[in-house]
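Here come two complexes built around subunit A, the first alongside subunit B, the second alongside subunit C.
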Partner chain A sequence: MQDKANLKKNRKEDPSHEKKSPPADSWEAQKEHELHHLEKRRRREKRFKAYTLGAIFIAAAFLVFFLVDLIIKGYPALKQAEIRTDITYSPETIDNIDQAFPEQVRDLVSRAAKRRLTREAKVAEIRIPVHYDENTAKNPESAIHPIQITKADMPPWKQDFEAQEIPKKQLIELIGERGFNRIQQNMKADPSLAGSVREEWLPGSDLLQGFMHGATDLKKEMMETAVLLDDADHLQMGFDTGKYGTEGKTVEEWVLADSHVDQYLKGYDFMKPSAYDNPANAPISKEKAARIDRLHEEGKIALHFNDYFFLNGDSKIPEVAGMRAAIIGSVYVVGLVFLICLPIGVLTSIYLEEFAPDNLLTQTIEVNINNLAAIPSILFGVLGLAAFINLFGMPRSSVLVGAATLALMTLPIIIIATRAALRAVPDSIRRAGFAMGATRWQVVLHHVLPVSISGIMTGSIIGIAKAIGETAPLIIVGLVSFVPDAPVTPTDPTSVMPAQIFSWWSMSLRGFQERAALGILVLLAVLFFLNGLAVFIRAKSERSW
Partner chain B sequence: MSEANQKQQKSQPKSEQRNTESDRKQQEMDAATSQFGSQVQDRPKPDGIEDDSPILRFEDFSIFYDDFEAIKKLTVHIPRGEVTSIIGPSGCGKSTLLNAVNRMTDLIPGCHIKGKMELNKEDVFATGMDVIWLRRRVGMVFQKPNPFPKSIYDNVAYGPKLHGKRNGDDLDEIVERSLKEAALWEEVKDRLKANAMSLSGGQQQRLCIARALAINPHMVLLDEPTSALDPKSTSHIETLLGQIRGQYTVLIVTHNMQQAARVSDYTLFLFEGEMIEFNRTADLFVNPDKKQTEEYITGRFG
Partner chain C sequence: MSIQDINPTILLLVTGLVVVLVGRVGYRMTRNRTAEIADGGEELRSTPDYYGWYALVWMFLPLLVITILVAALELTGVMSVPGLWVAAAWIALPALILMPVIRSIRSDLNARILVERVIYGVLLSAAMVSIFTTIGIMLSVLFESIQFFQHPSVSVTEFLFGTEWSPGGAFLESAGRGTEQGTDADFGAVPLFAGTLIITGIAMLVAVPIGVLSAIYLSEYASKYVRRVGKPLIEILAGIPTVVYGFFAAITVAPLIVKAAGWAGLEASYQNALAPGLIMGIMIIPFMSSLCDDVMSSVPQNIRRASYAMGATSSETIKQVVLPAAFPGIISAFLLAISVAVGETMIVVMAAGLTANLTANPLAEMTTVTVHIVDNLTGDQAYDNPQTLSAFGLGLTLLFMTLILNVVSTIVIRKFRMRYEGD
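And then the complex of A and B:
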């Protein structure tokens, strides 16, 4: 340090010390020159270190900012407001479900919860003449006879209809166990019914329930019969007396609150000047806000863990929208990608690395694979649209087409990673194998693959992780669409996590925004898990030679 | 008949005497390995040929890398059951010649040959020759120890398994015999399941020798087997070469002329791809015919 200080002093006092310094060949001059030079080098090194530290700091700051922002935005979505309230199920309330709730919470309950209650309280019923006799109690099916549908039964716009008989077999199928139970109960309650014929509304089978709720997967004849019965006013949605008794009953339950109530409880101020130009338009008025606060204090409104997010599919109602379908879709798509890419990618790499002669053809293939890995991912979407949808006729938005498109994108990454892993295996091991009289295939299988498998898996997992987060090519093959149900077969339409986040983020309601942020956190968690797995595999199977 | 062969026949009795002498010396050097000497010597010869016909004949044999002629018209007969060393300065084609014997040169793009090489009277480079069959009969040990990253047992058993031995007892026997021949048995018999990578460099190289011996080869090729090892491991390996001499024909490439003098019965001196001299080691080192040989072995060049 002292030397340095001296040196500085020297230079200050005598800026032209180089000229005046003792002869160049003297020991003193050489030392001074070298020290001066060294100091310059040290300064440069310090400066360089500062640059690198600065770069790391900036990168870390970006990351921290990104994560904190997402957590702040997404964390509230883990909680969801629910209301503890009496619900009155009765034949009167099912046509006007608002009546089922006490007045003070009526406008706070979610539309979705109301819709669910209606659905639960109602049951599909079928009107049918029941022929009661002595046998009915034992064998209620005998009370059902085929029925005639005539022109008179049909609505005025279907007058070109010809009379038709509905066979007994189909009626039995539509009535089901619950309907026959009802017949037996009627018979037991009033034995004098024997011998009479009475028109009854009977609760229908699961098949009928499904039809009335809009299911379309019925057999063709059943479908036609059901439509016919519906037109002839033989079907209706009635109050489920089997479940709630003829007079109805009142239960106390936690039901989902409206999204605005949820946002208010989480601290969004609907009255702040920037929120609405006219405060009267705000969904939470001052009166409502006061009511919510009061109920919250009483413990009638509370924030509970949002299991809807993980158990529901997408919905147009923010408080019930969930990610389940998208998560399952992502797992499905990526699983298929893995199944397609791993064997093709690894076998291609083995051929190129171990078998192929070094000629123009293989060099061309190599250059093209490297180029493919650098292509913008949206172009793979265009390719997928042209090839898989237009040429091969795969269904749009389906798991299959999504997986095929992402496989195109992932394949070059896996091939490059696998080739790097194969190339890292020292040649001496191959030569040892050959010298023992192994064929090339045996050398690959016995010696090269076992030592490179960790590298191959690491590369593949990173490629797959990239596929999970990919959105652009999926937009083009139609995976960004409203799909509330999780896919079952590969041709089912599906949504995937990034696509779900994308569509939520473009919604204006705050409930969706919050869910999008939480969705990103879930996606990040999946990616961290996969990358952690890759690191773990690499660390676990690292070898030295 | 070539000059080399005549010489070989003339000096036959002398050779035997020398063998026993060196054997005794090596037994004193390494008592631990000597107890297996008799076991090695008593087994039948792997190729079943007991006569003195040369095991390997080169006739006008040339090797080319594209246009470059690495070995030029070599004509020499390598005697059976003896240790023959190949010496010469760097780049003279020693390793290339060795690699040609089990056709490892096939793996090098652009490498081709002219002339004839016969192993046990079979043309090695004939179109009908199955390379796998050939390599199964020629064991090879490389410059750098290159055991497979598997257990010690699996390393030795790999060759026999590859060539159809599945029986566990047979394999155990082969592994034990090979490790004893390679003078490694005592050190590893308690940890055969340990990874071969955990052995020291010298042990790894002896494991590679054991691996090569496990397939019962007609011939063992050693490509500078001790150049990456310390002196102690080197002396270990030289001792074991003394043990297996007579049972196997050994062809060893070496940079170290003292080593060639110590371990081999015959020496082939190559210079720029050409054979300068081939003779009994004792004669070549004491009384070289050619001036170039003399200059090389006295260290004036190379």
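And then the complex of A and C:
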């Protein structure tokens, strides 16, 4: 009874049943009704299809918007403002570099450019008594005698010191060719010097230049001598008369402009004094803006290709900050990741696909790899910090710790891809090998691997592309710290491309923003290239069994 | 220059080169020996290359084991062995072992057995690396978390149910100034969980409809050609690094949202939860889409045909037949997508805030678990400071959440598979 009542109720609620019973049960009406219904169903069908297509379009539209926005933001950074100006190199201007520039551009030139000019116009000099005699012109080395450093030469805070003699051999090494040339020139200019002893500031050898610029790769004894000479005031950075003459000279050059000039020329609204209610809040004054405009019209300020971005390492000064160190760091780190992951990944996959018995251990490994692939990448960073840095004592921020952390993250990706490639090899190939009496390892090495190698490469490239773009775990192990130089050994601190983008993004100066965007474009270009390569390899090696 | 001054990189390279040379010589000499045997008319039990590898195994395997042991001892600080000794051992010992090994090679020696056993061992140990990684992650997170929870100013219940997160006081406290300043470290993680949940929720609101619908289009409607173009197009979204998404969310989307909200008369923070949520959703679309695509493609064709035979349109077939059949798979994809969203770091680090704010307003500033892991581990506090250690507590919860989501999704998928195998 209950069921029947339910049935009746259902029938009443169901419109399609209800409409069949009315008296106007003519065939025409029914046809009309059915056609109407069909129309509705067709419309519903179209609507649904439109929704699904719309979803694809939303995704595609986002992609377009996203890329266009990044290109608009990053493209301006391909150009960098430079100023054509007179630069006066002279002994007076060198310690007050602002004086080297004409007044109208003094505040427009980049600090970094000024610093570079100062460094280039100076040369490390060594103060030494020169014993001139007849032989000096021919054999200037004979004019150098060992010198004594006594307590009196040393600064007051270094008085616990024994008098010391600096041997001739070391002095000759520090003076170098340029210094001896100077002695010869002096002798030629004034032959009457013969027989006298004169204290001279001589330009030093490359070794000395390096020391004065902070190089630390000198030999131990040489380092001690150089430090000693420095303390005793025997070393200085002097004006490079060899390059610019004793009076100095004025040259016209393109020099890098300050970031404000650059940003103003690129027409950003936030740089324009007119965009602010109170002009004092603007980054540059109205007068400065007018001056930049005028110089720009005269062709004295222009936007040139930004090669600094690709040739320099990171810097705190936005206009000279570049990506070179980060690109090299990325290549280094990811190269190591590849070297670690490819063998381990391929061996693991071979084990799981070709050798492993179906037991608990194998199942554990399989579940484990799948779980590992799903663990958030940041936890690999936590592991890297706790295990590699705190337990194994790897240096923080180094190439080594970055590569080790990323390798653990990339390994499951490569394993999963490699297993798929091995599984795609048909069993008939293996059976043929076994039938010829090959062992399991011979079958794998001689038959399975050669035909699956392109699949393995494709998977590895995709894994590597993922590693290149990964940031979170590297932040945890310290790869975002400020690293201006490219790494040389695996224990050197390094930055990588995404970490560099992140650290530029977190800078407050606006000049860094467009550099971050350009960095993103570089990173995306690398990734598109790698993924394109993977697609190419896959397409090229596609075969049906 | 003393012996200690040798650059380790150079030492490594030179030793490596010499080792390769010694190995080649060993291999060649063994092959010469087998050629002699074969010329003598005797038949070898393995192919000649196996004898070469046999010699190499004897030359280098014991040494490798010893080196690993020494490295382990060095790392744990029990003893330290100069690198020069190791290098000398690597050059001298194989050369010493080589002669007796070559003499031991006879026609009835089955070199293959040892070599293949070693290969098996190598393969197995490579496979164990992933196990060690997992154990490493578990232990490192667990140990530091225990340290965190044992800290006097922290309790598990407060961590799980407390609504106040201000670890800043911990620093003052450990400096002995906590009480006099009246600042107290609070480690109630509920605001972080809530922030994570809301941002994840927003992301799912974007990713699930777009992901599922685009998967339906690609697997049910699209022609072969459209599929060939459309699928990679969506996969591009998956290849974009998260730091790029983060930059986009922070620099472009967040200001747009603030502007739009101001236009609608609402007030939005520049670090609102909406921007990272939306962008995270976009990031997850390809993940969701390709998983759903796989699931729907694996629905047997004959049940679709049955539906068409009954006169159903495509959309009716999809809605009433394909989707219900694929439903468990879609649910499991959904769970995996949640675990991706919960663990996502860069987008929220760059676009979401740092202030722990317990609110449901997506326009307000919000923070997540991952943001605080990064923030606390990159700060300049001491490593054993509770603020730093709190990152491990958060890491542990994150690990738990993702593992549970994964396990549940695996279970769902397994049940789904059973249904077809039963047919």
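Everything below uses one rule, namely that the second predicted complex is superposed on the first by the 485 of 545 C-alpha atoms of A that agree within 3 Å, B and C clash if a C-alpha of one lies under 4 Å from a C-alpha of the other, contacts with A are read in each partner's own complex, and residues count from 1 in each chain.
Keep in mind that, in the parts below, a contact is a pair of C-beta atoms (placed from the backbone, for glycine too) under 8 Å apart; a residue touches a chain by one contact, two chains touch by 3 or more.
Everything quoted here is computed from the prediction, not taken from an experiment.
With the C-alpha superposition on subunit A as described, subunit C and subunit B fit side by side in the combined arrangement. Once the two complexes are overlaid on the shared chain, A:352 sits against subunit C while remaining clear of subunit B. By the touch criterion stated above, A:439 is placed in contact with subunit B and with subunit C alike.
Residue contacts after overlaying the shared chain place A:64 against neither subunit B nor subunit C. Once the two complexes are laid over each other on the shared chain, residue contacts for A:428 go to subunit B alone; subunit C is not touched.
The vertex angle at subunit A, taken between the C-alpha centres of subunit B and subunit C once both structures are aligned on chain A, is 50 degrees to the nearest 10.
The larger set of touched subunit A residues comes from C, when the choice is between subunit B and subunit C. Contacts of A:447 after superposition: subunit B is touched, whereas subunit C is not reached. When the two structures are aligned on the shared chain, A:498 is found in touch with subunit C, with no touch to subunit B. Superposition on chain A places subunit B within reach of subunit C only down to 8 Å, the least C-alpha distance between them. Subunit A residues in contact with subunit B (one complex) as well as with subunit C (other complex) are 439.
Contact residues on subunit A toward subunit B in their complex (touch as defined above): 357-358, 426, 428-429, 431-439, 442, 446-447, 450-451, 543-545.
Touching subunit C in their complex are the following residues of subunit A: 41-42, 44-45, 48-49, 51-56, 58-60, 62-63, 66, 69-70, 73, 343-344, 347-348, 350-352, 355-356, 364-365, 368-372, 374-383, 385-387, 390-393, 408, 411-412, 415, 439-441, 465, 468-472, 475-476, 478, 480, 489, 498, 501-502, 505, 513, 516-517, 520, 523-524, 527-528, 531, 535.
By the touch criterion stated above, subunit C contacts subunit A in their complex at residues 9, 75, 112, 116, 119-120, 122-124, 126-131, 133-134, 136-137, 140-141, 143-144, 209-214, 216-218, 220-221, 230, 232-234, 236-237, 239-244, 246-248, 250-252, 282, 285-286, 289, 313-316, 318-319, 336, 339-340, 342-346, 349-350, 370, 373-374, 377-378, 383, 391-392, 395, 398-399, 402-403, 406, 410. Touching subunit A in their complex are the following residues of subunit B: 102, 104, 107, 109, 132-133, 135-136, 139-140, 142, 144, 146-149, 158-159, 162-163, 197, 208, 211-212, 215.
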